[in-house]
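Next come two complexes built around chain A: one with chain B, the other with chain C.
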Partner chain A sequence: MTQYIIRRILYAFPILLGVNILTFVLFFVVNSPDDMARLQLGQKHVTQQAIDNWKHQHGYDLPLLWDGHASAEEKLTHTIFFQKSAGLFVFNFGVSDSGRNIGADIQERALPSLALALPTLAIGLVVNICLALMMVLFRSSYLEQAGMVLCVLLMSVSSLFYIIGGQFFAGKLLKLVPISGYDDGFAAFKFLVLPIAIGVFSGIGSGVRWYRTLFLEEVGKDYVRTARAKGLTETAALFRHVLPNAMIPILTGVVVVLPSLFMGSLIMESFFSIPGLGSYTIDAINSQDFAIVRAMVFLGSVLYVLGLLLTDISYTLVDPRVRLS
Partner chain B sequence: MLINPPTGRLQTQRIVMKISSCAAFLLAVLLAACQPSQLNNPYSDADTQQSILYQSFSERPKHLDPAVAYSSNEYAFIAQIYEPPLQYHYLKRPYELTPLTASKMPQVQYLNAKGEALPATAAEQDIAFTDYLLDLQDGVRYQPHPALAKNAHGDYLYHHLTAADIAPLNTLNDLPETGSRALLAEDYVYQIKRLAHPKNQSPIAEIMKNYIVGFAEFARQVADKPKTAVKDLSMSGVTALSPTQYRIRIKGKYPQFSYWLAMLFFAPMPWEADVFYGQAGLQDKNITLDWFPIGTGAYYLAENNPNRRMILQKNPHFHPEAYPSEGEPSDQAKGLLMDAGKPLPFIGQAVFMLEKETIPYWSKFLQGYFDASGIASDNFDQAVQFTGGGEARLTDAMREKGMQLETSVETSSFYMGFNMLDATVGGNTDKARKLRQALAIAVDFEEFISIFRNGRGVPAQGVVPPGIYGFADGPTGINTEVYEWQDKKPHRKSLEAAKQLMSEAGYANGIDPKTGQALILYFDTMAAGADDRPMLNWYRKQFAKLGIELVIRATDYNRFQEKMRNGNAQIFTWGWNADYPDPENFLFLLYGPNSKVKFGGENASNYQNPEFDRLFEKMRNMDNSEERYRLIQQLQAQVRHDAPWLFGFHPKSFALYHSWYKNLKPNLMANNQLKYTRINAQERAQKREAWNRPVFWPLGLAMAGLVVLALPAVRAYRRKLQG
Partner chain C sequence: MVYAPNRQFPDPMNPPILSIEHLSVTFNHGQTVVDDISFAVYPGETFALVGESGSGKSITALSVLRLLPPNAQINAQAINLQDRNLAQLPEMELCKIRGRRIAYIFQDPMSALNPVMTIGQQIAETVNLHFSLPAQALQQRVLELLQQVEIPNPQQRVNDFPHQLSGGQRQRVMIAMALAGRPDLLIADEPTTSLDVTIQAQILALLKNIQQQTGMALWLISHDLALVSSVADRVAVMQQGQIVETGVTEVFFSQPKHPYTRKLLNALPSITHVKTSAGTTAPPLLQVKDFCCYYPIRKGLFQRVVDHVKAVDGVSFELHAGKTLALVGESGCGKTTLGKSLLNLLPHNSGQVFMDGVALHELSGEALRKQRAAMQMVFQDPFAAMNPRMLIGDIIAEGITALYPEVTGQERKNRARQLLQQVGLPEESASRYPHEFSGGQRQRICIARALAVNPRLIVCDEPTSALDVSVQAQIIGLLKTLQREQGVSYLFITHDLAVVAEIADDVAVMYKGKIIEHGSAKQVLAQPQQAYTKKLLSAVPVLRAA
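Now for the complex of A and B:
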């Protein structure tokens, strides 16, 4: 398995390089270094000299991908691409175009994102699986049908509606929790209750339907019939046999998103004023801060690759038949 | 296994009881854990009775270095921290400069080319230089700051930090010792030298090269040197004459320079700040001068977390300053002079919370958790209604809460411009001018203000907005090309008049004689979103009144700016916000040598009229006088006639304040209002408590509903077990 992991990590390098080149090309097709300078310097009294000075100070006065006038390896290294991207592979994110250290910003903002996303995922998973198992337990009854209708209804509503509705109902009408905000440590609890509850509730519709499908596929198999024939109750059969055997698709969905939980949720964090990473990339795109955009795209790619690797490893844990080689 | 019915019923009862007791337990824990009166309080309960102002910000500031910051969201913080020598009087109107750290207004001395003193009445062409001599107050000290901390031997404690010292730091507050020192004239000189250093990238560096003597030479001299090098190099035009006096020498005569001295670019900076923040390793921790200011103002930045909140704390070393005892005649009646003569500031702390979305922000404001709020379009009808006479007033719901509404016309202009280099709409020919004049009548900005701005704007009659010297009210101030004075107010001329002008321009009924089809004009805009469609359709409709087809060329920000720079736009919308309250700062937007295409200036419509330029050059450096006023009226008349702009409107700001917010007077030029603000914390605490009593019964109802919903499942489960 170690060999497999090393091989996968080595595979990741060309993928990350490709992502980096693609981000770079897409960004500079839309924005030139002059455009970036203008946006950073503001709208008033911006002269060409001020723009040239900004580009020089931020290293955007170099050629983009290839310096034909430079000698030897400098043809490649004396470019914006190399200067801005090489450090990423050792997780040196550098300084944003507005002068802040990106690594320090990410470190500071990842924790609030995680504080919201991790409980939402964990509680959501438990709730969705329990409800899905209940629907399987009452399959072919009016309860299941009613549950399915409810799930479709819940799925049909926009997540924005849940957020605004939740804030209106719990924060404004009942005045039970703060409408938005955040605090450090345990004081964050009262600010996180509502967004987590909304996150869990808004995911019930699709989550329950997905898990129900997985369990229904398992529940008709021979080993479950055998278990029932041996005298196991329906709940025991579901929890002891169906659930463990449905773990592979569940893990596929869950483990792959685990690393990217750091990246946060744009809308949720924005509406609840949670200082996470959710809006970091969008804000950077709007302010044409290439340094942040490339860092976040790179980080997203790394986490995605990591998520896929973790999924593969987790298969071996839940299914002894799977061997990584 | 068989289960008899009584046992099954018992099980059901047990499950229901368990659910109910769990719910009751959870509710009890929730109640015990929180203060039941204000569960939704986003702040610490201990702060309830404190004199703390709660504000919000929607966009994190990019820069807090006074040499670089130039946005209103940045000034909201640093204007409370840094102090230039002058400031705007808080209450007096028209806006008036008063000393801040200066002991008196600067002495202005004109000099000829030989450096000899000239009288104040000297002709402009004789004046080669102007000296501004500034005297500082005694006893002004910096806020407590680690950069100024010294040990017992008088050596700076944190000017030689090692990597090991820096490693555990996360924020500036992790350095335990702080120090302070007296403000020196040299600090103002140092800051001006910082403005010149290319590595600081000050947005006004290029402008100041045209004014301050030796500025450009100094910039070239230090270009390759570190930022700290400016301390030991001198700039010929800026000199500290004593610890409390310094002189700035500028080229020629430029009376508006006094206004620059009230801007934060000219605030003092101790050299220790650059030495301290310049230490390797601090930037990696985001501990930079751009994020942790050091000033002499009424407040200092106690917490800087632009991702969540910024806290300004009262500066313990703030110099004596009193609330003004003079103002406008109506200020006494409004209670704005009740605190006259009392020492500033009144508020101990100001907390700025990051709120990106208007819906939660507005709800929190109504709950009393923010003290003041602007009014978004979505909430406008909830807060404001117009009387029959067109006057804005609060709705009953807002009045019940004791809200205060403050409106003020901003010193800004929003206009629709023509590219004067364009072959169809540009140029000084009769044909093009009459086409522009016809459009000036047809595009009904009164309707625009009503539809798209909820009435928040004043139709513009010229370039100069209200509140700026040279603005004329009443019949003498109207744009006679577009309006007629009737019933004591301006009335837009009829569409017939516009059609007549179209005919005279050779476009009768909007038909272009070259094509025999409707004249096609192009509107270049960045408004490309779905929300902008109604506005773009409205513009089309306005042009269609004259039979003109308006083609919308929507594009992104970068391409739009490029079109403007290259002169490829035909019609566009643009705006300008005053840097300082002088007509020169608006009329220069139409000065030929400022044209965007030829000179990269702010004259976006590339208007060039020799007569206008001549009058502007005569007016710009004059002191306010009858002659200057007359020249301004001539300039206004000229551009009204030439119509390079459709004078759109001057925005009107509406803001709501809770009843506990005191000393409230909009001041559009000053940004340091926080020190004048007073909060009645007791009243706020009472109202917050009354407005935020939690309501529990719907929770109980929801839980009961859940139990009822669970019952069929439990019964079905029991039947399943039986079957």
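Now for the complex of A and C:
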């Protein structure tokens, strides 16, 4: 087990190196520093002088990978790759194009993101599982059919509609909660209630359908028949036998997204003006701040690799048949 | 395998423990699977319900306690468990009968046990459900049950998960779970079908032994007439949802009345009817020398190979043209690995294979592909061995297209039709899909596919074990006819010694990757030399009254 984890962490290095090189190519080769400067300065009436100035200010006037003119070790370090990309490996995100410290920004904005994403996930999980179990308990009845139709209806409506509709009803008409904004500490609660509720609600359609499929697959298995032959009631068989087995795919599906929760939700945070990492990324994209986008892409891949590792470990915890080696 | 006759006969003074009156089961409001059957099981007896797959025997057993899926409709005048009519009992009352008065054992213990609960928890659940015991006594009772089913070291095993046990041990756990409620009737649905023949004998002996200790009635469901003849007191035969014949075992097997029963009995391969074959001096078609297949065991941080599982370990044999060599052994002995790696479908580690003088082990790429025309394979499960989205004609012709590209489309079509006729299927089958055929028909198609490229050798990997007895007899007949007409050789991989007797000229017994006994069928089956071969042979159920 320990050996397996060590090996997986070793695997992560080449993967992250690949991610790093790929983002480097995307951000500096496909989209050259000249283009970046032009976007920053505005498309029209830009002199080459202004572009060079901007590049020099932001350190984009260096060679990409190899500086033939520099001395000894500076041949490698005096490059865009080393100064802008390599630092990501030690989570040194550097300074954004607008001059902010990205590392400090991320630290500050991770908490609001988590405060929104974690409850949405946890509450959504409980609600979806309960509803799915209920549908399985009443399977092949009109209740289930009605539930399925409802799920499809919920799925068919865009989540943007739920957001705007929720803000209109709960925020504007009923004045239960503020329409958007954020506050520090516990005062954040009243700002978070609506986005969390909407997040949970918009996930019900697809979530319940997916969990119902998982439960139904387990219900048809032989060991459930054994459980009923033992004398267990339908409900007892469902809770004692089906649920633990169906939890294997459910839990592992949840664990893989756990680390990514830090990254926040792009849409929710933007609509509700929550100063999390999701809105941070959106803002960076809007203002063409590629230093931030680069940092977020790399951070996202690190967290995803971590998520996959956690998933494998969680398999061993919930499924006795799986042994990692 | 013959048990001491301890026959119990239905005693009119002794009322039945379970009597079923006019039971019918239909699925989806139309398809009738069980059609108005009535019978009774008496206290302490072993009652066997036999029939081929799809005859409705499992459905009958499951309908007694309403364990069928929701799309089944059960209609019964009465299902009487002594004085209680189960057919009219509400679900909650039925839960108190399930596991307590009537218990079940199912065919595949791996899927019938919950994979994420320890066996101790699963047994304790049944005990707890019907007799509320304090924790200490509960644990004691679980250990007692594991002891009763002869699980070694129950103290340690109790915390194991099902996947940590062998197939036989899993079935013992299932039995322990069934015994936990101290039932009056145990319904065993094909309890030994997924087990090796030696394990099968042990499980049956255990069931009979427990039956004698507890005096419970045993309702055995099986497709295996030989097995039934050695354990049952009374037998009933089911065909297409109806019981066509019922009788006391001795009478049933010595004077079968119904034509279907006679057909089943005739189809039964018998280990005592060994095929005799003349020797040959011609050079062998297939020559295998010191053949080895190892699977690496990887360990450590960098997954270095530390050891090997020796699936096939230094096997040598010869097979002559037009002859059949049966490769016999229990599951896991390496016989399928050997068959597949001989045809280069799996890699091998060392050894030489000569096919008609051509060194197969040295071939690769295009040369090997060309050589495939001479050697084909028929797999165990005809359901899984065909692409469900291809037409039968295309399935059969695919090999011709690949190996004989010069053959024109029309010729291919004709050849496919001719092959279908040869294996006893109508020509029109060519334009149908695999799912439209029964298991036996599908295996015929697989044989036609193998024959399509004019092979000299066909490796048959358990070609009949997924099939019913009467279908099995037909397929073996077909294989024999084809051999007579075309001179194909078969490497016949099987665990079923009775089938071996029907078809094999030579027999090789495999055990743990090695061939431990090799000789003519007559010699190996009649005068086995090795203890393992003797054990295998003695475990084979034999028709008692035949």
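The rule is short, and it goes like this: the second predicted complex is superposed on the first by the 293 of 325 C-alpha atoms of A that agree within 3 Å, B and C clash if a C-alpha of one lies under 4 Å from a C-alpha of the other, contacts with A are read in each partner's own complex, and residues count from 1 in each chain.
The rule is simple: contacts are C-beta pairs under 8 Å (C-beta built on N, C-alpha and C of every residue); 3 or more make two chains touch, one makes a residue touch a chain.
The structure presented is a predicted model; accordingly, all values stated were derived computationally and were not measured.
In the superposition on chain A, contact of A:245 is made with chain C only, not with chain B.
With both structures placed on the common chain, the touch criterion links A:320 to chain C but leaves chain B unconnected. In the overlay built on the shared chain, the residue A:74 is in contact with neither chain B nor chain C. By the document's definition of touching, both partners, chain B and chain C, reach A:233.
After overlaying the two complexes on the shared chain, residue contacts for A:175 are found with chain B alone; chain C is out of touch.
By the touch criterion stated above, A:217 is placed in contact with neither chain B nor chain C.
Residue by residue along chain A, chain B and chain C are tallied for touches, and B comes out ahead. On chain A, the surface patch touched by chain B in one complex and by chain C in the other comprises residues 233-234. Per the touch definition, chain C reaches chain A in the complex via residues 62, 65, 67, 69-71, 91-92, 95-100, 103-104, 106, 108, 111-117, 125-126, 129-130, 161, 163, 174, 177, 181, 298-303. By the touch criterion given at the top, residues 3, 6-7, 139-140, 220-223, 225-234, 240-241, 244-245, 248, 318-321, 325 of chain A touch chain C in their complex.
Within the complex formed with chain A, the residues of chain B that make contact are 34, 38-42, 60, 62-63, 70-71, 198-199, 201, 203-207, 283-286, 288, 290-291, 305, 307-308, 353-357, 359-361, 363-364, 367, 556-558, 561, 579, 600, 602, 692-696, 698-699, 712-713, 716-717, 720-721.
Residues 30-32, 35, 38-42, 44-50, 53-54, 56-57, 95, 98-101, 103-105, 108-109, 134, 137-138, 141, 143, 164, 167-168, 171-182, 190-191, 233-234, 270-273, 275, 279, 283, 287 of chain A are the ones that touch chain B when the two sit in their complex.
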